[in-house]
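So, here come the structures, one by one.
Next come two complexes built around subunit A: one with subunit B, the other with subunit C.
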Partner chain A sequence: MSDETPSSSMNISRRSLLAGAASIPLLAAFNSVASAQGLPTAVVNTTGLAVTDTTVKVGILHSVTGTMAISETGSVQAEKLAIEQINATGGILGRKIEVIQEDGGSDWPTFAEKAKKLLVEDKVASVFGCWTSASRKAVLPVFEQYNGMLYYPTFYEGLEESPNVIYTGQEATQQILAGIDWVVKEKGAKSFYLLGSDYIWPRTSNKIARKHIEKKGLEVVGEEYYPLGHTQFNSVINKIKLKKPDVIYAIIVGGSNVAFYKQLKAAGIDMTKEKPLLLTISVTEDEILGIGGENMVGAYASMKYFQSLPNDNNKAFVAAFKKMWGDNIVIGDVTQAAYLGPWLWKAAVEKAGSFDIDKVRTASPGIELTTAPEGYVKIHENHHLWSKTRIGHARADGQYDLVYETKDLMEPNPFPEGYQ
Partner chain B sequence: MPAAGFLFSKKEWLYFTILAALLLVVMPLAVDVFRLNLIGKYLTYAFVAIGLVLLWGGGGILSLGQGIFFGLGGYCMAMFLKLEASTPAATKIQSTPGIPDFMDWNQITALPSWWQPFYSLTFTIVAIILVPSFFAFVIGAAMFKRRVGGVYFAIITQAVAAILTILIIGQQGYTGGVNGITDLRTLHGWDIRTDSAKLILYFVNALLLIGVLLLAQSVRISKFGRLLIAMRDREDRVRFSGYDVANFKIFIFCLAAAISAIGGAMFTLQVGFMSPSFVGIVPSIEMVIFAAVGGRLSLFGAIYGALLVNAAKTTFSESFPELWLFAMGGLFIAVVMAFPFGLAGVVKDHVEPFFAKALARFSKPSPEPQPQAAE
Partner chain C sequence: MIGDYTYSEFFSILAMQGFAGLILFSVFVLMALGLAIIFGQMGVINMAHGEFMILGAYVTYLCSTLVTTYLPAFFPYYFFLAMALAFVASFSLGVLVEWVLIRHLYRRPLDTLLATWGLSLVLQQFYRSVFGAREVGVTLPDWMMGSVSVSETIEVPLNGLFVMALTMIIALGVYFIMYRSSWGKRVRAVVQNRVMAGAVGINTKMVDRMTFGLGCGIAGIAGSAFTMIGSTGPTAGQLYIVDTFLVVVFGGAGSLIGTIASAFTISQAQSTMEFFLSGSMAKVLTLLTVVGILMLRPQGLFSLNIRR
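== the complex of A and B ==
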């Protein structure tokens, strides 16, 4: 077990107890047990959180019913896996994590109600949850008012930097800039057709994409949005055929994807020929399950994680995930980001030597995970993660082949100057 | 006025007292502020349910689009609160400070003119009542004047609810889109997020609800109320008697809309945001279920129905996060199969006879029997 368990380490001064143990996960686990015996509850919990001598309560707040359940279930599974692994290696400061799970029901006000319940009634030390921006926007005032800590896993539009949220997914510039640079450099793309579902994330992302494309002196030949759940893409596919862009840049979400990619194929656009090439930032392995690999083959996706990543951390993670949740499961970008949440929280708590929200917040910037499935990540001052951006090439079996990854970590920049 | 007493009969005054005591005394004493705030939220749906009792139980007009008016009322209130929260100082990181954040995200650089009046609280309060009423008038006039009724009317209200949702989501630069209007903070400088504010808002909400209940009852016992029942049971006879049926229907539709809108505005104040998920088809049908569970003929039933269904929703979803929807579905089926007139029917058919018997037995030895809350 210890081999497949990420250990955490921090780059700035650690407590002497833990010093030097970072490279050996098992030892790190023993150390945190030892440290707990020296830290009574009164010391590690000064603000009345649900922490006892042997347990600490956390919340999981995702939709397990309603339209978003299909997307959010993976995040719940990943968070539970991480928590189980943490408990198996001694918990946090010697305390086992107990989970209180609440259902957001794909309904934003319900998210706010449940978030408040978790913070006010259950006094959880941390919450892992939310998926859509709408649900995050709904709970944000609750977390800020009652001073909770939320680990939010989804790639999203940025324009936000809350002291009460750690964003474990990529914000828009991280996901977009490297992808466009790659397609311009490697594929010689000159013209782009931007598509998206009609809400804040695709619109903001396309705004950033357009500015980046225009800065390079290249051309955006079309930009269109469709309501969530839209299923008739024939007219836009015809326009694409007329305008002949080099790249279709697609940010379509949810069920609309199924219709879009099937109709694209039916209209004779074979993505494996790359004329035009399709680059998406919204289709993970989870979505391909619905779309069908045969309809998606040849497309490129720009995000930070693919299930097929060849590193050892990821192999161990995928194996553990399948062992817990079944062999047929696929793991997408957001699922992996959700898995990071409990580990990042553990590292911050151990660095702070306390469960207090304010101390965890202060300790968070600079926290590193060397054994994340996606590779090394680090928390930025702005509460987002430094991470690499990768390009995957869709296979017929629903997986992506890694074709490119950025050499350096991309800096998270939720308020990008010049892109707003 | 009927001889039975002012507004209510003696028995109904008893129910009224029990309800008022429950809302104003028992609940605030029995639960903490967090739960009380939740109850306050449930009670905002009771406004819609009262409107439905007038419209559906009283007038026989089933609207599956009451979420439209709940939403419009809520949005009017949210626009006012959002403008107050979007001072240039609070939004200085935006490209255009001083406008709501979602407008800035959608590259809008000036406040649209139709948002301007919502700087005024007076205008907002008037708009909360008048905007949904006007909307209801337009729909009502278009439908009832053409004698569209029954199931066709229900379908059209659903269509309007769907259209409005798509409009709000599509025009996200002006409406906040799917996210809705979030992060509302103060009402005229008064922080609505504190516990004391929540407590005060709960009482304002409960008193408004009681006021609306009295208003609805006075409509029901008026001549107009009796005409409505006549229209429900035999519309053609009322028409042949020389009454303009369409105008009465339009009026009751507008009244139900205005009542729903008050609920919507109170919802926004207590929950702190408004989103299109209250406008669409699903919430509108849920609101009909509140009235059905409570009993569509009973104003009291409507309030208890809204409370009970929502409390069950919260409890089930806390205990069984992955199975609660099945429990809710089971509850609805059981209620509709076993008690077609909802809770009010149960009280009328089973609880009242029981107390009547008990009363008859004890009235001789003891002059003051105290029936307990008939819930």
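== the complex of A and C ==
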């Protein structure tokens, strides 16, 4: 299923710039003339990518059908918004971005197949996509073999560093350490109950959390995993009640989330009383839609972005997002990270003065983005982002209040020594 | 002291775990009853059972949204209306599906498996197109959330009590329909000998259609009730289908008592093991035990001796 949307993207940018509609063709023409003179295609594209004098093709590769569509839809929307905005301001090196969207269908082999199609047949200059670690692992060999560039938006377990991937979400230590430090310092937490869905991300993350907690001389009173899609949490809730930890550290994903928080509330654990306090790294505003704000109120989340962040970049981003995709939409951490992808790519291409993958890769480390909704970010040598970690306090309306952010940017460290 | 616990703690663990097991038992029975009726009485393997449940959940969601908008005063009680509507919706869809799809496949059990699996995919995409790929949140009246404190350490969740009561009512209802009504007599007659039942004047086609509808309708009620404890999304039905088949097959197809006994065994085993082991290990051990028992006794715990 291929969905080429150059014409629709033109329409939306026209619509959003009603007043200046007449000037856009002029501007675009001016830009392309300028680029054709200053930066001819033969110069900016020496490896046969799909770049012409006026356009450059990129791929979006997410699941829009199947079980992961719930999570990945927001990323697609964010990437399209970023590309829209880049096109409305003249594109990249004077070239408009054309999107070729492929559907991974929540199926990992399909992701690999579609990635190959995008790189080999369509010769796209970069790909924004993947969500689960499983899909990323499936496409990784393809990107490395055909030398493509992938911008991957999800917070994930780390333990990976590919020359062909830029990781725009946080890796595990960035997300976890600051959160635990905060809860120990501000809330005086002494004992933790670690809980997760049973697959690589929660297990690796809890391993890091446990090491960090034990290094501080504090106690982990329980650690447990439940199969993906598990819907009965009464037993573990009983165990939690009995062990009386100060903090429940929950990394539950998908439909299980809804079951867990509803049953936690029904079992009489009122999270607003913070006895125990609940800290999660897996529930963004997107997930709260399904859980229901009234079942989540009082919980804390540790990640890098919340829709309610009060800075000006974010206000503009939220407004633009709602204008394009509807007022009822919510924006979670991963959606914001997906939005960074096209902008980081643009900055790298402009710094390199070329669309060539190798030159973009060399140019990437050190790229800064001051316009990011989360604030300032910068690409590290290891292809992850320097970013701040923040703690949010869940409100009944499904949004988070920002209660803490790290003073400095957290350094990404995908292979943390002493934590594995 | 037992392990890390004091005696009073240990006692409250036993009480609360026992109760957790009972809730799980009710959930299993509620999930499995509809499937047991269809599988046991008609021999149709309904892979779309989970999607019929989710239809009930979506009806509940629609009800909660509509009631909040138009009749806020009625909100505390809307759940009962929602369950009734969920039954009606799933029943009607079940009757329709039987008429369009299932009745052509009665002598081909493996084809019903394939056809209903296809149906489940169609329904999932339908939910996704209508309600969106994201999960929807069903708002519940306050009186249904929270818990009753029996003692300082023992707390009983209200929604668990609600599910238990509901399961009891539905199980009794099914019992009366199947074993105490003339319609139930006809159903059982058709199961035991279709040709003979037809010969004595029973409209076997109508019996089939209503039985299938009833099974689906009960799935709808179950789905509606599960909005209290689980998620409502296009693919949420898949979360229940494995456990449901497990309970029905383990109990022995064709025996409602077997279904209940099997739900009890599996739920108690699982909740006990979940307490002493981790969640995933408990699941693995439960499944292994069931596989072992089914190898020794392929017909399940209980089975009817009927001439096919």
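Just so we're on the same page, the second predicted complex is superposed on the first by the 383 of 420 C-alpha atoms of A that agree within 3 Å, B and C clash if a C-alpha of one lies under 4 Å from a C-alpha of the other, contacts with A are read in each partner's own complex, and residues count from 1 in each chain.
Definition applied: a residue touches a chain if its C-beta (ideal position, glycine included) is under 8 Å from a C-beta of that chain, and two chains touch if they have at least 3 such contacts.
As the structure is a computational prediction, the values presented were derived from the model and not from experiment.
Asker: Let me test your reading of the model: by the given contact rule, A:Q145 touches which partner, first (subunit B), second (subunit C), both or neither?
Answerer: first
Asker: Pick one for A:G292: touches subunit B only (first), subunit C only (second), both, or neither.
Answerer: A:G292 sits against subunit C, while subunit B stays out of touch.
Asker: Just checking: does A:A266 make contact with subunit B only, subunit C only, both, or neither of them? Give me first, second, both or neither.
Answerer: Touch partner of A:A266: subunit C, not subunit B.
Asker: Of the two partner chains, subunit B (first) and subunit C (second), which one does A:P163 touch, if any: first, second, both, or neither?
Answerer: neither
Asker: On the A-aligned overlay, A:T231 touches which partner chain: subunit B = first, subunit C = second, or both, or neither?
Answerer: In the superposition, A:T231 touches subunit C alone.
Asker: Name the contact category of A:G366: first (subunit B only), second (subunit C only), both, or neither.
Answerer: neither
Asker: From the superposed pair, tell me which subunit A residues show up as contacts to subunit B and also as contacts to subunit C.
Answerer: 64-65, 198, 227
Asker: Which residues of subunit A touch subunit B in the complex?
Answerer: Touch residues, subunit A against subunit B: 64-65, 101-103, 105, 107-110, 112-114, 116-117, 120-121, 132-134, 137-138, 140-141, 145, 157, 159, 198-200, 203-204, 207, 227-228, 415, 420.
Asker: Which part of subunit B faces subunit A closely enough to touch in the complex?
Answerer: Result: residues 34, 38, 41, 93, 95, 101-102, 105-107, 166, 169-170, 172, 177-180, 182-185, 193, 271-273, 275, 277-278, 314, 317-318, 321-322, 324-325 of subunit B touch subunit A.
Asker: Would you tell me which residues of subunit A are touching subunit C in their complex?
Answerer: Against subunit C, subunit A makes touches at 64-67, 69-70, 73, 198, 223-227, 229-232, 234-236, 238-239, 241-242, 255-259, 262-263, 265-268, 286, 289-295.
Asker: Name, in rising order, each residue of subunit C that touches subunit A in their complex.
Answerer: Touching subunit A from subunit C are residues 5, 9, 12-13, 16-17, 19-20, 23-24, 27, 125, 128, 133-139, 145-147, 149, 153, 155, 157-160, 226, 228-233, 235-236, 238-240, 270-271, 274-275, 278-280, 282-283.
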